[in-house]
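So the structure is just underneath, and the comments pick up after that.
When the chains are written out, they are named A, B, C, D and E in that same order, and each has its own residue count from 1.
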Amino acid sequence: MDDVLLRLDRVSKHFGGLKAVDNVSFELAKGEILGLIGPNGAGKTTCFNLISGVYTPTSGAIYLEEKPTGGLPPYRMASLGVGRTFQVVKPFSTLSVVQNVMVALGLKRYGGVISSFAPWETKKSRKEAMTLLEEVGIAHLADTPSGQLPLGNQRRLELARALALMPGVLLLDETFSGLRHEEISLLSKLVLEVRNKGISVLLIEHNMKVAMGLSDRLVVLDHGRLLAEGKPEDIRSDPAVIEAYLGKGASANAS
Amino acid sequence: MQLFIEQLLNGVAMGAIYSLITLGLALVYGILRILHVAHAAVYTAGAYVGLYVFTLSGSLLLAVPAAMAVCAALGVAVERFVYTPLLRFPPFVPLIGSIAVFLAMEEVFRIVGGPYILSFPAELPFSGITIRGVVVSPAILSIYAVSAAVLLILWFIVTKTGLGLAMRATSQDRDIAGTMGINASFTISMTFVLGSAVAAIAGILVGIYYNQVYPTMGAVPAYKCLALIVVGGLGSLPGAVLASLLLGVGETLLIGYANIPLPRDSLAFIAMIAVLLWRPQGLLGGK
Amino acid sequence: MRVMKTAVLALCVLLLSGSLAFGADTVKIGLLVPLTGPAAADGTSALYSVQIALDQVNAAGGVLGKKVELIYYDDRADAKEAVALSHKLIEQDGIDAFVAGSYSLPTRAVAPIFQEEGIPLVAAYAIHPDVTRAGDYCFRNGFLGMVEGRAAGYTAHKLLGGKTVALLTSDNDFGRTLVVGFKEYAAKYAPDLKIVSEQAYPFSEKDYKPYLSKIKELDPDVIFASGYYFQTGPLLRQARELGIQSKILGEEGADSPKLMEIAGDASEGFHIVTNFDRDDPRPVVQDFLKEFRSRHKFEPDMVGASAYDAFMIITDGMKTSGSTEGAKVRDAIAAVKDYNGLTGIIGGFDEIGEVVKPVQVQVVKEGLFRHFGVVNDPELIKP
Amino acid sequence: MNDYSITILTFIAIQAIVACGLNVIVGYAGQISLGHAAFFGIGAYSSALLTTKAGLTFWAALPLVILITGSIGLVLGMPSLRLREDFLAVTTIGINFIVESVFLYVPFFGGALGLGGIPSITFLGTRLRGPNFLYLCLVLLGLVLLISRRFTKSWAGLACFALREEETAASSMGVSPIRFKLLAFVLGTAMAGMGGALYAHLMRFISATDFGFPLSITLMSMVVLGGIGTLWGPVLGALILGVLPEVFRPLIDYRMLLNAAILLLMIRFQPAGLLGEGSFLRGLFQRKGGTSNG
Amino acid sequence: MLLEVSDLKVCYGDIHAVEGVSLSIGEGELISVIGANGAGKSSLLNCVMGIVPSRGGKVIFCGRDITSLPVHERAREGIRIVPERARVFPRLTVYENLLAGCFGMKDKISFPEKLSWIYGLFPVLEERKSQLGSTLSGGEQQMLAISRALISDPKLLLVDEVSMGLMPVLVDKVFEVMEMLNREHGLTILLVEQNALASLGISSRSYVLETGKIVLEGASGDLLKDPKVQEAYLGL
């Protein structure tokens, strides 16, 4: 692929003796939706933390537009265009919903001494934030403290926040879990729209229907290792995947 | 050489006293994650109650248990009325509560016991020994004996008894300990009982050793011992003892052999910052 | 927000302006003493002694036919509080003169205020040199560190016959100037006196063995151990426990009956240089001792005696000048000569306001401070 | 008002300035600091030295004092980047003790004798004293409040709030923890330095014990009591803790006990502070709508 | 019925995690609750155990209303939990972890007996009995968590996402043990799982939880065939 945006090259992350991510390589193309699936504890979120700079890889390298990024802290990754959501939602609890989004809108301001002292609550920034909140469907909650939102809306807020960074890559960590059916379809549509704007999406998803439905390609992790990679229909019928997911006994049962 | 051994013996005795106070702090930090500054007031209370009962009865055998009992009650009261209700707030809220308790209790000691230094005229039932010119005073002997006994008993309770198991389990995972039938709030109170009773012993020991009991005697230990539990690794009991002994010996030797321009009490904090730069989790702390 | 601000401000002003004193027909003398906090013991001593002085003056008919009123506040030995309270004493209470019964830091902070207002100030035991340098209204009844240091040198050399001395001082302003005075004496008057070691310990020290172990090896004739009684007491005990045989000399900070309680038998034969001689047969001393002992269940100390004198010097100045006017009282105090004080015969005050009087040397015998000697060489006691 | 009330109010205003600085660190950026008195002291000592030894006027020294204190704040704020909360708390206590002992034991800082002879402040040729000094303090307090308010409304302030709430998330939103934590330390300690300079020239004599750990506790209590992270909280806290001991003054023996007891009761029953979330005062005084951020 | 839960509600602040769940378990049953991440499964289980408070509804155990009992008293009534991610005590040895498991047990004499039974069940624990909990691998920690719950001979065992992060072999093993405990020892088990297939495979009845509410319930065999379940949870 010549328009590769993000590339993981034999990346490993060890915690003490635990190999959370073990020699994983995959690529994300521009404008692609790539699903990252695997059983609980397979290392998916660790992968996200490596890409977004929360963790530094034990070995291997990560390239963004072919520039190595390993070791850059999260805020540098954010300014390079990596936006993410968190599996365990991390709202800025006492800040209102719209302020949460503004934090991300400030990305371009935080670098300069003068620009970082400009006031944040301007008509322009509020309008930008409100547009994003409307997109994810929580504009009516703009002035509620984000800590008081139900989980579903907090997930939408996470998405709005990540979008506010105007990222080149969007990392969605189980953004759909805990949502109702109609919410899932609304946000799925949004993810597709985002992709159509040329933003690449890497998503972790447990709901197979959603994962299979949204993704152009899937990467399956198991015990930190890359188990399979391919189009949804291939993955669906891959016996190794079924076994990893459902256990041996189950694989016989299911097939 | 003789000087060196005397200094060393001294330093270990200082360290032993530190460790008796520090242990209570480490116990409390381990189970509640609170910096228990008021512990130093409990220690002062131990000295006062011990002295009072000793003056009335003339017997240390009565004074020590009485002081332990009163301090245990005091510790539990602080836990119940100040810490437990403030646990859900950021840690500096209970910390300020703790400091307020400490200051209030210092005032109570002054009002009840007077501002003057009281003497603790207990005669120790044995005399000192001299080995090859090295003088070991009865006070130092008793500090060794008492602190060794206390550490041993504490070690036994913490590692060998059901209560100790409950304490350790509660400090590592309070909810899960509860699911095993461990009554967390009772266990926490018992932790305060233990720590405070040991502090009472330390108070009496210091009172006798220096022959002084006064309202502000807790002021230095209150904060210095915080540095010690940080050096030891917050909540680690062996760490607390190790840090105390190291500091006791280190202070003594530094004063004895080097003319340092800074006072002894800031040494603990300098040591703490040095240790933190090297091992941010403390000497024996886990991650 | 604005509502809140004004409300709180109004409340505060209301609270502050609560207790305006009304000018009554009394002579008012102000006193600041630390009654809470770490210095509470000294403040309490000073207060008790001044109260005895007050009652004695009033029993004898007061000053200029008026009763004397004592207005005292607790300054916690804190400079900020002392500054605010001195304003309170001056404006709300309208005092005529002031007894500084507190430590150096607060006293030094308030001295310029009284100087500016023209109110005479007599410091009881604050030792910072700047107290009297604030101006001509400021006097001190206690010794400067230099004086007492020289006297200590003299005592160690002449009275105790020492040839070698180890210096072990409390590391605070007083301790340091004492050492300077001691060394000055040694350099000027006693070329045969050898200072074998010099150490300082921090104020909150409890464990003196590291220092003492060092001294023990040197085995000096005299140890000059400056410090307060709660420092010197344990120090004496620990020295004797270590088997140190040297004579030990302390200073006025150790002048408290608590010393003997703390040190026990180890205090026997301990010498101090101080400004209070309990064996002085003059009635002023013996009456005070009797009165203090009957009022309180413990022995008076040097801090109290010095505060007593500070109060008495002021009332005496009022009597001799026949006025309570600041300038006149100041002149009267400045002109004091051979005043019969509790802390000895006060020769007078020098041009800066420092007292000139003999330094007392006391020794502990059978658990009591007893007369040992006097240093009254004018060269040595000159401030 | 008489000089007594003015003196008390002047001290309150100075402490409010310093408490506002602490509030920037603790309230806005969520970093614990129990050694704030050290920076108050650094401000006081640097102003004292600049005006006595270097012969500068107060007005010339003030910007330098703010610069010096802020720079030292930058360096001593570094532990906050590495240590978790409780370790940081104890470390800042340690910084306070160490700074105090440096002042006390290094002869350059006057040692145990303290520093005296600090000139008073002159303004347009007249010496500032009494009410005029208070006005100066109030003007600077107003300035500090203005800066605080402006800070909460700036992107930098928003970044600090985000860091306070969720460091990982904030970092993933492009907020550099290093930059903004240190910024808060610099700003907060510079305010403390300004307060220190005022204190030095008010007292005209300073000594190390004026800047000990108990003062740090008082400052922290002011912030917590008034309402951590609120604009007016530190001022209200300073006012209460400044006036309370004066109210209790007639009860000589029980004064400090009552003071401590009231602090304890307030912490116990209004732990979020008097102007904090869910307090009774906030209900009374907070304007509708515009929240003052947390 | 051994356990009856009616209209149970759990909130965290203003967030509703469980919104009126009712379920019941008879003695000797093995029941599973399946659902996606964030459906409220763990909250439900933690609320039955008493770790999180309920905001409404009732929990009745052995005919006794235990809704307001604190967690340790529920434990003493005979409820035990295998928590999510095992949560073994990291700085206690394996042996001490097991000892803590029977803290409230009156009859201490049977402890060695129980211990050898556990060691028979999971021999690896005996090998590691003096190692600290934190040094065990993920699978060993799960085994320890199960053993710690079993050693007190509970009346009801709550199992929270035991398959999380385990190798398939171990998942199979763990589920086999669950099935065995239920069949051979008559242990009542309430299983909460994301791994729908495996848990439907061993349970008799199941509930499907979605966003805090029960949306489906019935015999596990029927649910396995339910198209909605197949689509959402089995990925088929």
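The rule is simple: a contact is a pair of C-beta atoms (placed from the backbone, for glycine too) under 8 Å apart; a residue touches a chain by one contact, two chains touch by 3 or more.
Given the structure is predicted, the values throughout are model-derived calculations rather than measurements.
Undergrad: Could you tell me which chains make contact with chain D and chain E both?
TA: A, B
Undergrad: Spelling it out: a chain qualifies if it touches chain B and also touches chain D; which chains qualify?
TA: A chain counts here if it touches both chain B and chain D, which gives C.
Undergrad: Count the C-beta contact pairs for B-C and for B-E, then tell me which is higher.
TA: Spelling it out, more C-beta pairs touch across B-C than across the other pair.
Undergrad: Can you name the chain that lies farthest from chain B, using the mean of each chain's Cα atoms as its centre?
TA: So the farthest one, by centre of C-alpha atoms, is A.
Undergrad: Averaged over CA atoms, how far is the centre of chain C from the centre of chain D? Could you give it in whole Å?
TA: Taking the mean C-alpha position of each chain, the two centres sit 35 Å apart.
Undergrad: With chain centres taken as the means of their Cα atoms, state the distance from chain A to chain C in Å.
TA: About 73 Å, centre to centre.
Undergrad: I'd like the Å distance between the centres of chain A and chain E, where a centre is the mean of that chain's Cα atoms.
TA: 31
Undergrad: Rounded to the nearest whole Å, what is the centre-to-centre distance of chain C and chain E, using the mean of the C-alpha atoms as each centre?
TA: Here chain C and chain E have centroids separated by 74 Å.
Undergrad: Got the chain B residues that touch at least 2 other chains?
TA: Counting only residues that touch two or more other chains, chain B contributes 107, 263, 265.
Undergrad: Going through chain D residue by residue, note those that touch at least 2 other chains and give them in order.
TA: 105, 253, 256
Undergrad: If a residue has to touch 2 or more other chains to count, which residues of chain A qualify?
TA: As it turns out, chain A has no residue touching two or more other chains.
Undergrad: Mind listing each pair of touching chains for me?
TA: Pairs satisfying the touch definition: A-D, A-E, B-C, B-D, B-E, C-D.
Undergrad: Okay, in this complex, where on chain D does chain A touch?
TA: 150-151, 153-159, 161-162, 165-166, 168-177, 179-180, 277, 291, 293-294
Undergrad: Which chain A residues qualify as touching chain E in the complex?
TA: Where chain A meets chain E, its residues are 17-18, 39-42, 87, 147-152, 154, 174, 177-180, 206-209, 211-212, 223, 236, 243-250, 253-254.
Undergrad: Provide the residue numbers of chain D that touch chain B in the complex, in ascending order.
TA: Going by the criterion above, the answer is residues 26, 32, 34, 79, 82-83, 85-87, 89-91, 93-95, 97-98, 100-102, 104-106, 213, 217, 220-221, 224, 253-254, 256-257, 259-261, 263-264, 267-268, 271-272.
Undergrad: Which chain D residues qualify as touching chain C in the complex?
TA: 1-9, 11, 105, 111-114, 116, 203-205, 207, 209-210, 232, 236, 239, 243, 245-247, 249-250, 252-253, 255-256, 281, 284-285, 287
Undergrad: Quick one: in the complex, what on chain A touches chain D?
TA: Against chain D, the touching part of chain A is residues 52-54, 73-75, 77-79, 83-84, 86, 90-96, 99, 102-104, 106-107, 109-110, 115-121, 161, 164-165.
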